[in-house]
Amino acid sequence: MNWEAILAPYSQVVEELKVKLKGMRAQYEYESRHSPIEFVTARVKPVSSIMEKAEKKGIPLDEIEQNLQDIAGVRVVCQFVDDIYTVVEMIRSRNDLTIVEEKDYIAREKRSGYRSYHMIIEYPVETIRGMKIVLAEVQIRTLAMNFWAINEHSLNYKYEGAIPDDIKIRLQRAAEAAFKLDEEMSKIKSEVREAQRVFHRK
Amino acid sequence: MNWEAILAPYSQVVEELKVKLKGMRAQYEYESRHSPIEFVTARVKPVSSIMEKAEKKGIPLDEIEQNLQDIAGVRVVCQFVDDIYTVVEMIRSRNDLTIVEEKDYIAREKRSGYRSYHMIIEYPVETIRGMKIVLAEVQIRTLAMNFWAINEHSLNYKYEGAIPDDIKIRLQRAAEAAFKLDEEMSKIKSEVREAQRVFHRK
Amino acid sequence: MNWEAILAPYSQVVEELKVKLKGMRAQYEYESRHSPIEFVTARVKPVSSIMEKAEKKGIPLDEIEQNLQDIAGVRVVCQFVDDIYTVVEMIRSRNDLTIVEEKDYIAREKRSGYRSYHMIIEYPVETIRGMKIVLAEVQIRTLAMNFWAINEHSLNYKYEGAIPDDIKIRLQRAAEAAFKLDEEMSKIKSEVREAQRVFHRK
Amino acid sequence: MNWEAILAPYSQVVEELKVKLKGMRAQYEYESRHSPIEFVTARVKPVSSIMEKAEKKGIPLDEIEQNLQDIAGVRVVCQFVDDIYTVVEMIRSRNDLTIVEEKDYIAREKRSGYRSYHMIIEYPVETIRGMKIVLAEVQIRTLAMNFWAINEHSLNYKYEGAIPDDIKIRLQRAAEAAFKLDEEMSKIKSEVREAQRVFHRK
């Protein structure tokens, strides 16, 4: 299988979404307003992970594109919890994509302590073989949520989903500290936003 | 006037078109096929040039956006003359933009010797204030045409449109040499394209 | 004054250091090892800030280059507090720069709650006028320290150094939450590092 | 063999040289002067090509680094033939690299019609295992030379060095057209350079 060619539309979606969301951030800066977007990262799922997930879920290789929703993944990281919902609104109002599903793991965090807002979208992308509609996942989180999640993700991977209890407990304590930081930051958010209007940092 | 904010949608269009056209090139490479696109450059017209052009054409500042078609400019450079028309077809068939006008300065070159294919497009772009339709100019040319054009452009600028006759003649000779190079390359194009299918690296 | 030309060597230093430090990160990844560098940002101080600082400190414009140490600024952000000292060692052992000064605001935080490790370096840069030695500041911090610092910075700017007491107190509480998060993360750092050796993706 | 890790210092050299040479170009622009550098590209030789070349030359895999001089390759493309020698001087005068060898295929073109200036350099690069001296090849050519060379290269590869006579002849005609274009451009070079001083295009 020529995976590079198969995944090309997904790379394309990821690049386009990255440029589009980073552009939003730039526009806020040009107007010296607080940007709800702090930074954007994106990736196409590595082939090894695609095959592993397909096998685990019993999805035949030719049905991967319809069944895996996160081959194209974009992550939007925000300064404040409120900003997350501003970004959600911004994405909902766009005309160049369709929202398929939303999951609010902030209002209702996962048992592990995971918090984030997820959106599954359909994105029409022009390819050298014509237009193609591609599924993509957008994850929206604060810096603190992101920090915690990337650590939990690597631990989860190492222990194949069965993190030992003592590490799990330490991870939950870290989640609480991250949550606490988000809370404290929320209390100064209007001050900071106002300050950012004055001081437009690069 | 906050030019950065005014021009933000144009920067955005330019960035999106660049990612979209570069992505096309990458897709040809993944499939080990000759890419009709050699490289893509893009720019937003500098404010000083916008104002100069507006003044010269007698366009009031608040009508600039409707009347200047090249505030957002994208340039696609091709290896062979034929490739230009492949790119034109690719752009015509896209669903994310509308073509407003086309000018074929290759079939019918300008008196100066200038050759290029121009397309004016309408491109809908999402901004922090909602969707906006923006005009952009796409110029498509070979490497040789491009080489000549960037030199002519700077000379034209220096002499404010009135290049002295002796330089004009030398410029026309260079245009002929560029044309000749395009012709010679055309004669080996099928060989080269075939070779690129075999050999593919950057 | 042609500020673009004056600041060109500083832009150059900033670009070179960014490529050099990002390269370090990539090398850890290729070897599937935990990278002490999470991400790198860099900037040349905006002209307005340079002039403001020069005026405040009574530095004449022609002595700016010798007296402002942070015209070129690079920031290295780390996952764990320990990583900061690994980065410090990495920078100390390089042959392409000289360290002029170090300040450890982690062992001894500022009264405001600010924590970071600062290094002032001399960096020889080749320019179109020959080699030039340029001062640059490298700030090394954890994600939590960075998060806090960028907020404090914008508030400080808004209130011109005189943040009102109530906001100061709330900012200190946020600093404590950031510190707590760093502490909790430290407790799982060996687990996470080990996991990153197993699992490595972008 | 972990090729990514082995080639990491070469990627690093390539990235650093690219930033350094592009920076030169930017400095000329800031001063509104004609830049002898039009653009810079760079690549690490693909593993398949490294192995092929090593086998052909009978170099054992553990002696590759001392014997292949073009694992790291940088290409500088110029507008005018004269600019090539300006770039050569610029590289000779740098303190951050040592020149090992120079070959002037412009003064004395290859029988195929190939023209370019080659420099082999030793470049000290800092890695996570300390400083390492790496060989790199810098190719300097005009746009017309480059255009011809990339076509010849792919044909050469396809025919494994034995390009059929009829294609060889057509290729030589293209080389002559490229040479002619360089000559015609040389005749307007002082005009164009002067114009670029006036008009500083992006």
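By letter and in written order, the chains are A, B, C and D; residue numbering begins at 1 in each of them.
Criterion: contacts are C-beta pairs under 8 Å (C-beta built on N, C-alpha and C of every residue); 3 or more make two chains touch, one makes a residue touch a chain.
Predicted, not measured: the structure shown is a model, and the values here were computed from it.
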>> Taking touch as defined above, what minimum step count separates chain B and chain C?
In response: 2
>> Let me spell it out: compute each chain's centre from its C-alpha atoms, then which one is farthest from chain C's centre?
In response: B
>> Sharing more than half its contact pairs with C-D, counted by residue number, which one of B-D, A-B or A-C qualifies?
In response: A-B
> Rounded to the nearest whole Å, what is the centre-to-centre distance of chain B and chain D, using the mean of the C-alpha atoms as each centre?
Replying inline: 26
> Using mean CA coordinates as chain centres, what's the chain A-chain B distance in Å?
Replying inline: 35
> Using the average of all C-alpha atoms in each chain as its centre, how far is it in Å between chain A and chain D?
Replying inline: 40
> On chain D, where are the residues touching two or more other chains?
Replying inline: none
>> Can you tell me, using the touch rule above, whether these chains form a line, ring, star, complete graph or other shape?
In response: ring
> Which pairs of chains touch one another in this structure?
Replying inline: A-B, A-C, B-D, C-D
> Taking the complex as given, what residues does chain A use to touch chain B?
Replying inline: 2, 4-5, 8, 11-12, 15-16, 19-20, 23-24, 26-28, 30-31, 90, 93-96, 124, 126-128, 130-131
> Residues of chain B touching chain D in their complex?
Replying inline: 43, 46, 79, 143-144, 147, 150-151, 153-155, 157-159, 167, 170-171, 173-174, 176-178, 180-181, 183-185, 187-188, 191-192, 194-196, 198-199, 201-202
